[in-house]
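Each of the two complexes below includes chain A, the first together with chain B, the second together with chain C.
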Partner chain A sequence: MTTHEQGQAKRSHADWLLFVVGFVLFSALGFWGTPALLYAEKPQPFQFSHKVHMEQVSEGCKSCHSFREDGSFTGIPSMDKCKECHSDSPQGDTPEEKIFVEQYLNKNKPVDWRVYAKQPPCVFFSHAAHTENAGLDCAKCHGDHGKSESLRPYQYNRLTGYSRDIWGWNILGLGGPPKRMKMDSCADCHRENGVRDACFVCHK
Partner chain B sequence: MNWDRRAFVKFAVGAVVGLHASPLIPKLMDDSAIWTQNWNWVPTPEDGALAFANTVNPATGTGVKVRMVTGRLKGERLIRVEGNPEHPTSKGGVLPADASALENLYFDDFRVKTPLIFNKDTGMHEAVSWDKALEVVAGKLAELYKAGQAHTVAALGTEAKTLDGELLSRFMAALGSPNLSFNVSAADTLALAGWAMAGEENLGFDLAGANYVISFGTPLLEGFGAPVAVRKAFAGWRKDFKHTGTLVQVEPLASVTASQADQWLGCKPGTEAAVALGLCQVLIQEGLYDRAAAGAVGFEDGDRGPGFKTLLAKNYSPGQVSQISGVPVETLIGVAKAFAKEPKAVAVCGPGGGGEPGRLLDFMAVLALNALKGNFGKPGGVVVRQPLGLKPLGEAINHAGGKPRLDGLGSAKRPVGVADHLSLAKAALSGNPYKVNMALVAGGNPAYSAPQAGVVRDFLRSVPFLVAITPYLDETAVMAQVVLPCGTFLESWGDSLAPYGGAVAEYGLHRPLIKAYEQVKSQGDVILALAAKLGGDVAKALPFASAEAALKTRTAGLGDLAKLAQKSYHVADKPAYGSVSFKTPSGKLEFFSMNLHNLAVKLSGEGGMGKVLKSLGVSAEGTAALMPHYEPPAALAAAGHGRLLLAAVPSLRTPKGDQPLTPYMLKVLDGETLSNKDELVVEMNPQTAASLHLAEHDRVKVTSQAGSSDAIVHLFAGAAPGMVFMPVGLGRFAIANAYTMGRGGNYNQVAEATADPLSGLPVWSLTPVAVTKA
Partner chain C sequence: MSLADRYSAGEHRFGMVIDVDKCTGCGACTVACMSENNVGVLFDETDKLRSITWMRVYQIDNGRPFPETQVAFFPRPCLHCEGSHGQHTPCVSVCPATATDYDEHTGIVSQIPTRCIGCRYCVGACPYHARYFNWFDTPWPSGLERPLNPAVAPRMRGVVEKCTFCYHRFQRAKNKAFLSGGKVEEMDYQTACTEACPSGAITFGDLRNPNHKVAQLAASPEAFRLLERLGTNNKVYYRTSREWVRRKADNYLQDEKTGQVAASQGGGH
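For the complex of A and B:
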C-alpha cells in the first residue's frame, strides 16, 4: 500500500464520521427542534384541579360537562354550573380559587379556558353519539385529564393555530386518542367498530 | 481529518438523510396544508348550534330533514339535506335531487337574488328594487287591463292545485284572462281515466300493500310518483333477498325497472295498452275475472251495441295481441293467470320516461284490467285517496271577460283535459283569435322543460313583455324583461299534494328555513305583492297579507299551521280500503264511460257523436270508441322507412321537469348517459344500428320535426329494434349555470308532441326521428 493509499483509507473513515455527525445533528433538529420551534404556549387563566372536583361530585365528568335537553354537549361548564356549588366567597384556601371567585364568579364573567381538544370548525363532533350511544369512556379520547391535579400548559401550533393535542404530543404522530386526535384516528376507530366513515359523517 | 470539500459533502448528505429520517418534513407539510385551510379568506363554517328542521321537497315528494347551523354571526346556514325517517311514505330515503338541493340554494351565480329588469341598451339584466320592479309589471298589467286587453296576458304556472297554482289562478281570473296553463302530468290523465270509468279523480295504487304488480310502460323505479316511496315499496317486495312480491314490467326497453323486475315483457313501442287488454281477455276466457265486474256498465252487450266483453273477444285475443305487441301468447296467458291467482295484485299505468302524461285510453285499459281483477278498494289494489279537506282561498271568480281561451280548452275542439304550455304556445304563436301581449311565467322553466321546448321558447321570445318569477337565472328567465326572485322550497312557503299514484291522502308543506338572500320572497308572496300593487278586483280576489296567511286559510281543516309546518306533512295512516262508491252517472263502474258519452252528446247531439269523437282523434267506432281500447300511437304510422322511434330514458340521477340539474347529479351520471363529460349517449339495438351503418361510439344527429340533438351511439341488445332511447334532464343552456351548460342534449327539444285522443293532452312518448351520422 502506498502512502497515498494509506492516507485515502484513513481519510474515508474520518469522513464517514462526519456523515454520522450530520445525520445525528439534523435528525435531532427534526425530532426535538421542530416541536420547540413549532409549538408555542399560552397560559391557562388560572390553575384548576380536576382531581379535587371529581372527589366532590357524584356523577363523574358528566356532573359538570353535561348534555343539554336536546342532546347537545355543553363542553366547558357555564358560570351557572359553577355557581351550583361555588358561592361568592372561596370554599378553600388556594390562591387559584380566590382568582376564580374574585375575577370571574363575582363578575359573572365566563372563564376563557384554552380547550385542549377543540376540533377544527370544518367538522361536527357529537359527544352524545360517542359517550351515550357508543358507550365510550371520556378517557378514551381525553386520557386521564379527569384525574389531573393541575392543568398542563396549553400548546398550540404556530402555523395552524390548532392545539398540540390534535396532532398529538408525539412528534411522529404515533398513537391514537388520548395522545392524538387527527382525522385518521377518528377514521381508524370508526372502521374498527364498523361505523360509517364517509366524509359527511363528520365534515360540515 | 481535513474539513475539505469531500468532508463537507459527507456531512451535508448525512444532514439531509438525518433531516428526512426525522418527522420534520411530513409534519411541516401537514401543517402547511392546514395553514392554507385557515387563511382568513377561505370560508369556514363558524361554530354554532346544530339544529334540524323537517320539510317536504315538492319536486320529489320526499320528506326530508335539513341539518342547519344556527347562532352564527353570519346568520344561519343549511348544511345538509337528509331523509326524514319519520315521514310515513319516504321513510328516511332521499333522491339525488333532494340530497343536492343545497347546491341550488347556494349557487350564487345561478340564483336570482334581486328583481332584475332587462336593459335593451346594454343587453343585460340590471338589479332594481322590488318597488320599481312591481311598479313596472303592475303598470304593464294595468295598461292592458284598462285597454280591455287583459285577456292577452298569459300565465304559465307549474302545478294547478298547489297554493301557488291557486293564487295564480285567482290572479288571472280576477284580471280577466282565461289563458293560464300548467305543467301536465300523469296525474291529469289518471284523473280523467278515473272520472271516465269510476267517477273518481283521486285514484292511487296501493303498491306497498301489493305482492304482484304489472307496470305498463311506467318508469316505476326511475321516477314514478314520489320515487322514494315507490322504491321503499319495492324494497318491501325484496325483503331479506326473498322475492315476496312480483314485479312484471311491460315496455320496449330493458330499462332499470325492467332489469329489476321479475319478468320483462319487451313489447313493441306504444303497445302496452294492447297487452293490458290482452290480459283482460285471458282473464275472461279463463273465467278468472271478478264476477262483480260483470255488473258494470258496458261489460255485456246492450242497446247501444257490443259490450267490453265482446270487444275483447273480437279484437284482443292472446293471438291478436301477440301480433300487435310481439309478446308471446303463452307469456300473456301465464302473466294473466298469475295476476288472477295473487290475492293482492295491481296493474299500474303512469307517466312516460320523459314525464309525459300518458295516453287516456291506455290508462283506461289498465283500469279495466284492475276492474276485472276486482281489486278496487282492496289492499294491494286500486284505492281512492280520501280528500284532504283543503279550504278554497275564496269564492270562485268568474269574470273572464267572455273571451275564449287561446288553446280552445273547454270548447268542442278540446272538451276535456287541462291546459298545458305547449297548446297555449302553439295557439299564441298562430295569433288566432288574438295575440299575447304579456306572459307571466311563475315558478317553472318551460323554455327548457315543456314538451317541444323549442315551440314554447319561440312563443316566450315572441311575447312583447315577459315576466319570470323564478329562483334561478334559467333558460326562461334570461329571455324575460323582468325577473322577480322567488325562493327554493328551503326558503319559502308553499305546499305539495299527494304524489302521482300514491295510495294515501298526503299533503306536504314547506316553510322558509333560512333567509339565504335578503330580497328573495315566496312565490305566493310575489303574486300577492303584484295583486296588491295592481289593486281593484285582483287585490280583492287575493286579500291575504302573505303566502303564510293564505296557507293558514287553506289548511284550516288540518289544524294549527305552525304545528303542521314544523311537522311538514299530513299523511293518512293507511289507504282507504273498503268498497268504492262509484260517482259515475250510473253509480257503478263503467267500461262504457257515460261521463264521456254525455260529454260527446252535449257537443254533438246523438247523431253526430261519431264525428265529434273522430275530431278528437278516436279512430274506433261505435261503443268501442268510449271504452278502453287500443289506438296505435300516431308516431307509429310515421315510423319505418329509415325513421326510428325516439323514446326517453328516465333516471333518478337527473331532475324531473323544471328542476335544475345540479353539479352533484353530473358526478353520479354514468358513461351510458354522458360520454366524454358532455356528449349525450343514445341507446340502440345493434341490429337497428347495423342497418343504419352505425357502430358503437359513432357520433350521430337525432332529428325530428321538432328539433335535433347530437349524440353518441351505444349499442344495447335490450333496446327494442327500430327505436332510439335518449336520457332526459340534460342539455341545459342557461349560461348562469356554468356547471351544467352544454352537457348533453335536451330530450324535450327533440321530442314531438301530438294531441292524445279524447284528452287532447300533449303526449310525446314516441317521436319519429332520423338518426344520421354526424
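For the complex of A and C:
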C-alpha cells in the first residue's frame, strides 16, 4: 500500500467537517468582508423624503429634476428650485426640515447631496435621449427612488471613489439598474432596442 | 466623383475645410482646443516629441530665398480618415483593444482612453501624427483642475488621445434637438477651433449635407487633402489658390500634376 492510498483511507468525518467549516467561513468572509473592506460610507447631509415631496408636486420627478433650455439635465435641483416652495421658516415639524432651513436655505448654501447614480468621468449619459427621445420612465434606471421615504446610506469604492451603485450592491456583479449601473446594463438595453452601440454613443 | 460618394453610407459625414490662404498661423485654434478638451501643459513643453496638441499648426515654406520666400500654415486636427476601400481607418485597423472605432453614423473616429492599453500602434499607423501618447500625468497646478471641461474626460499617463471633432458638442447639440424635437442644425455643432479662428479659416459641418458651407467649399477645385494618394480618404480638406502649397501637401514627382486624386478616389474598388 502506497502512502497516497493510506492518506485516502484515513480521511475521516472530522476531515470533511473541517473542509466544510473552512469553506463556509472563507466564503462568508469573502461575501461580507470584501464589501466592508472595499466600500466606505458617507452620510447624506440630512434625511430627505421623496415620497413627501412627490405628494406636493404636480408633475412628478420633472417638477424638480428638469431640463434646461439647451437640453442639458439639471440633476440635483438648485437652491432656487427649493425656494419655490420653501420659505425662511419650516413648513412641517420634522427635524430634517429644520436642518435644511437653518443650515442651508437661510445661508443660501447648496446642499452637497451624494449622488448614488453618478457615473465615472469617462461616461456620457444623456437624460434627454432617454426620457424625451426614447420615452423611458425615470424608474427604468432609478427604480422606486422617487417613492422612497428616506435616503439610504451612500457608499463609495475606496479605490476608485465611484458610488457603489455603479458596480452594484451584489459583490458578484449581478443584477441590473437600479441596483447596478454598469456598462453591460446599458449595452444590454441598447442591444434589445436596436440602439447604436458605437463607443462615442456613451463615452467621452 | 461627387463629394458625398467618396464616403460610405451613414447619416452624417462631419468634416472640415481649412483655408490655408486665410490662416495666419496665430495658434488660436490650438489654444482653444487645449482648453476645450482638457489638454494640460506639461513640465517641459519644449519637448515637442512628448507634448500634446490635438490641433497642431505646421509651417511650410516654398524653399525660395528672400525676397521670393512665402510661408503657409497647416492647422492639423485628427483628419478622421475613412479609407478608400470600405471603412479602413489606419489607426482603427491596428488597435488591438478596440479603443478606437470609426462611427459609421457620423464618420468620426472615436478614441476611448479608458479602453486604451497604450501600445501606440495607432500612433505609428497614423500618417498625419494626429495621435498623441500621454508620457506623463498632466501636472495640473493647484486649482487648475477646477476649470476643466466636465464634458471631456481627462486622460491619464499611458494612454493615447486625439482630436474628436469636439464630439461632446455634437452630443450637446443632440440633447437640444431631442428637447425641441428638431434636428441638429449646422451652427448647433461647431468645433472649438472653428469658433476660435479669428480669420475664419476653418469651416466645419456635414460634408453630406449640400446646404452646409463645408460641403460647398470641399467640392471646390481648389480644395485638396493631405497625402491623398495614401488612400486615407479623410474628411479634413484644405484650400489654397497657391500651386506650390498644393504640391507640398503630397509627395509629387516634378512633372506630376496636382489635384488628380480627389476626383478618382472613394467608394469601393
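Here is the rule we go by: the second predicted complex is superposed on the first by the 191 of 204 C-alpha atoms of A that agree within 3 Å, B and C clash if a C-alpha of one lies under 4 Å from a C-alpha of the other, contacts with A are read in each partner's own complex, and residues count from 1 in each chain.
What we mean here is this: a residue touches a chain if its C-beta (ideal position, glycine included) is under 8 Å from a C-beta of that chain, and two chains touch if they have at least 3 such contacts.
What you see is a predicted model, and the numbers here were worked out from it, not measured in a lab.
**Student:** Aligned on chain A, chain B and chain C: do they clash or fit?
**Tutor:** Verdict on chain A: clash between chain B and chain C.
**Student:** Answer with first, second, both or neither: which of chain B and chain C does A:67 touch in the superposed model?
**Tutor:** A:67 sits against chain C, while chain B stays out of touch.
**Student:** Between chain B and chain C, whom does A:38 touch in the aligned arrangement: first, second, both, or neither?
**Tutor:** first
**Student:** State whether chain B or chain C is in contact with more residues of chain A in the superposed arrangement.
**Tutor:** Result: the larger residue contact count on chain A belongs to B.
**Student:** According to the stated criteria, A:129 is in contact with first (chain B), second (chain C), both, or neither; which is it?
**Tutor:** It touches chain C, and chain B stays clear.
**Student:** Is A:95 touching anything from chain B or chain C once the two structures are fitted on A? First, second, both or neither.
**Tutor:** neither
**Student:** In the overlay, answer first, second, both or neither for which of chain B and chain C A:199 touches.
**Tutor:** A:199 contacts chain C only, not chain B.
**Student:** Just to be sure I read the superposition right, which of the two partners does A:121 touch: chain B = first, chain C = second, or both, or neither?
**Tutor:** Both chain B and chain C are touched by A:121.
**Student:** When you line up both complexes on chain A, which piece of chain B, out of 327-335, 345-353, 597-605 or 615-623, runs into chain C?
**Tutor:** The overlap with chain C comes from chain B residues 345-353.
**Student:** What is the shared patch of chain A, the residues that chain B and chain C both contact?
**Tutor:** Residues 72, 120-122, 124, 200, 204, which sit in both footprints.
**Student:** What residues of chain A sit close enough to touch chain C in their complex?
**Tutor:** 67, 69-72, 120-122, 124, 126, 128-129, 132-133, 196, 198-200, 203-204
**Student:** Report the residues of chain B in contact with chain A in the complex, numbered from low to high.
**Tutor:** So the residues of chain B in touch with chain A come to 1-2, 6-8, 10-19, 21-28, 30-32, 34-35, 37-38, 44-47, 49-50, 69, 79-80.
**Student:** Chain B touches which residues of chain A in the complex?
**Tutor:** 11, 14-31, 33-34, 38, 72, 120-122, 124, 157, 159-162, 167, 171-173, 200, 204
**Student:** Okay, in this complex, where on chain C does chain A touch?
**Tutor:** Touch residues, chain C against chain A: 98-101, 103-106, 108, 110, 112-115, 150-154, 164, 167-168, 171-172, 174-180.
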